[in-house]
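Data first, discussion second: the structure below is written as structure tokens.
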Amino acid sequence: MYLLSVREHIMIAHSFVGAIFGPAQGLHGATFVVDAEFRRRQLSPEGLVVDIGAASVLLKDVLAPLNYQNLDELPEFKGRNTTTEFLAGDIHRKLAAGIRAGALGADGPALDSLRITLSESHVAWGAYDAPLNEGAK
Amino acid sequence: MYLLSVREHIMIAHSFVGAIFGPAQGLHGATFVVDAEFRRRQLSPEGLVVDIGAASVLLKDVLAPLNYQNLDELPEFKGRNTTTEFLAGDIHRKLAAGIRAGALGADGPALDSLRITLSESHVAWGAYDAPLNEGAK
Amino acid sequence: MYLLSVREHIMIAHSFVGAIFGPAQGLHGATFVVDAEFRRRQLSPEGLVVDIGAASVLLKDVLAPLNYQNLDELPEFKGRNTTTEFLAGDIHRKLAAGIRAGALGADGPALDSLRITLSESHVAWGAYDAPLNEGAK
Amino acid sequence: MYLLSVREHIMIAHSFVGAIFGPAQGLHGATFVVDAEFRRRQLSPEGLVVDIGAASVLLKDVLAPLNYQNLDELPEFKGRNTTTEFLAGDIHRKLAAGIRAGALGADGPALDSLRITLSESHVAWGAYDAPLNEGAK
Amino acid sequence: MYLLSVREHIMIAHSFVGAIFGPAQGLHGATFVVDAEFRRRQLSPEGLVVDIGAASVLLKDVLAPLNYQNLDELPEFKGRNTTTEFLAGDIHRKLAAGIRAGALGADGPALDSLRITLSESHVAWGAYDAPLNEGAK
Amino acid sequence: MYLLSVREHIMIAHSFVGAIFGPAQGLHGATFVVDAEFRRRQLSPEGLVVDIGAASVLLKDVLAPLNYQNLDELPEFKGRNTTTEFLAGDIHRKLAAGIRAGALGADGPALDSLRITLSESHVAWGAYDAPLNEGAK
């Protein structure tokens, strides 16, 4: 399997609901360094997993509506805890949709799977990893 | 698959038996930066793979008896080379036991697999990765 | 000059005032990985710049009132933009006060200077660096 | 599964053919930080995945003919775009051949799979991951 | 002193003249991860060392004519070895000129010094550090 | 000022004397990732701070007698706590002596200062920084 990964970051505010979250129940925030790792069984004729430029644009486009936001106020996350692992799944779902919509051109249908990793600090990260024809559940 | 990883570190002394180890046959030591990566198919109702606080406590508890020790003197490692990859398996086994004993509460039985990675320098790391119902062999 | 550095992190929400901040005028957040770097001309009799345990406790104590907070709601920051570089200065000032108050014991008066670095992502960081008898201005 | 990874780097020049590559069609270059990650189901009697010294020598030997070269002038790459992911596959193929030729001694046949990762910057990397009895396609 | 640092990268080809360079006398290449670290004694009224957006644009503008180039073919480097440390000085000189030309607005004249660091691999980096009213010599 | 830095690592055992060290009074160990950062006001005619190959050889030579050792048993450290910051000073002193003895050829006398940084984990490092004509005190 061939893999290619590109990196961006977002800076968001949010809070969590549930005693398990302790002080993180208050409004706080995070920088998430986001890695999108694309996988493909055979390279394209040009020798690529995906066009790295197109992959970066797609990742930026998916992240833009989240960046510099208070996630508590976004209707799409109403009633959900936007944990690191949940957001990794959410971003996976949105990239998968973008790929199905043609954002990566002919490379899109050739992709096998995708992993989204969100590093939240030097000591913790979360991720979602799934085949692309299955999407994030 | 959803993933969550937490990081701790230990500083230990040890020596190895066998000509293959060259100068590492002498008593020396290492800092191991330890990543414990938990995997789960569906998130908990709170949106979690595991409670990151509980996971950190469990990892610290498992590492505490090794930290600041000369591993050559611990009875449990008698006759074994405590290589990076062996220790990754050992720590995996102990975390798996802690999870079975309830250290992660209701999240424990929902976990699918666990990877323990020990980074020993900027140029080398070892790991053990296995399903949680199987444990480290 | 001898140096010793310890690392912690905080996760905060905040917003900025001023057109120059663009989308960062909205409520968002950040993870700040905080390095406190202590400097001293001669080592202590034990061979130390500072007791690394005491330094970590002091840094954690200084960061605790900021961690998991919305900085916009803290009276001490009223009317200030809590930029990365401003916060580095603020944390410097508070560590310097803690050192003057004896938090590092006999090592405190022997220190020459202190640098506080806040890494906000994989592409940007801010810092404040000043002698300890002068403090952050 | 047990894993062990070692790291080296190469500094090469190359150019790409195809409009998709934009400015990278011109002669440019890259530092590739190369991680070779070996996997094995059971440890050796010495407690190893592979002898880390032998693994490093093999990796260096495989990389030496590429290091400090203009890849456009190497006959083996004639008519190919030496993209990050292509090179990961190429290095995988060469390590697999070295292992089959006995470079890792008795540890070689015991290996299950191998991953080669080439980090090209702080924001992008490519890799090839495959079983060792199958090789890079 | 307050500090703020932003990061970009370039991928270039070049060769060196002189027996001291060994195999690096041949045409090869490098990824340089470039950190531009701005220093200022007092923060701006907005709480900034520099506008991070303007700083990033200036750094990108200075790097653009070098990125994806064979430095051996650029007239400005004729007869010079474009070593890591030389390039750090060159980029420093160009940023300093941009600042003097007003690229950072009112923040420019308030800056005290600038450091440019080029990381060429996981084991080596070069830098140039100088006051801004003096420039790179 | 121009700077160039090279990296190596050592893996050692040691123990500390003094209640302040808590559990680190027992025999334990550490990996130290060692950065040697050379500084020079003007580049050499070849465009260098130092020959990176010669600098790496010197650093390796200085570290070799420490690597894979129990520092408690080395006569040179008798009665000393081999803390991270102390070792940084010790390695600085030895590199400075090597430079004075000609290990870096004509580049040696042109050097202004040297910094040795020892990273002991992902959360702590120590260093010693001094002019080269003064040496480590």
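So that you can tell them apart, the chains are marked A, B, C, D, E and F in the order they are listed, and the count of residues begins at 1 in each.
Convention: a residue touches a chain if its C-beta (ideal position, glycine included) is under 8 Å from a C-beta of that chain, and two chains touch if they have at least 3 such contacts.
All of these numbers come straight from a predicted model, not from anything done at the bench.
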For chain B and chain F, the contact-path distance works out to 1
For chain A and chain D, the contact-path distance works out to 1
Chain centres computed over CA atoms; the one at greatest distance from chain C is chain D
Taking each chain's mean CA coordinate, chain C and chain E are separated, in whole Å, by 27
Expressed in whole Å, how far the mean CA point of chain A lies from that of chain E is 32
Two or more other chains are touched by the chain A residues 7, 122-123
Chain D partner, complex, touching residues on chain E are 7, 9, 11-14, 23-24, 26-33, 67-70, 120-123
The residues of chain E that touch chain F in their complex are 16, 18, 20-22, 80-86, 88-89, 117, 122-130, 137
The answer for chain A against chain D in the complex is residues 1-8, 41-43, 46-49, 51-53
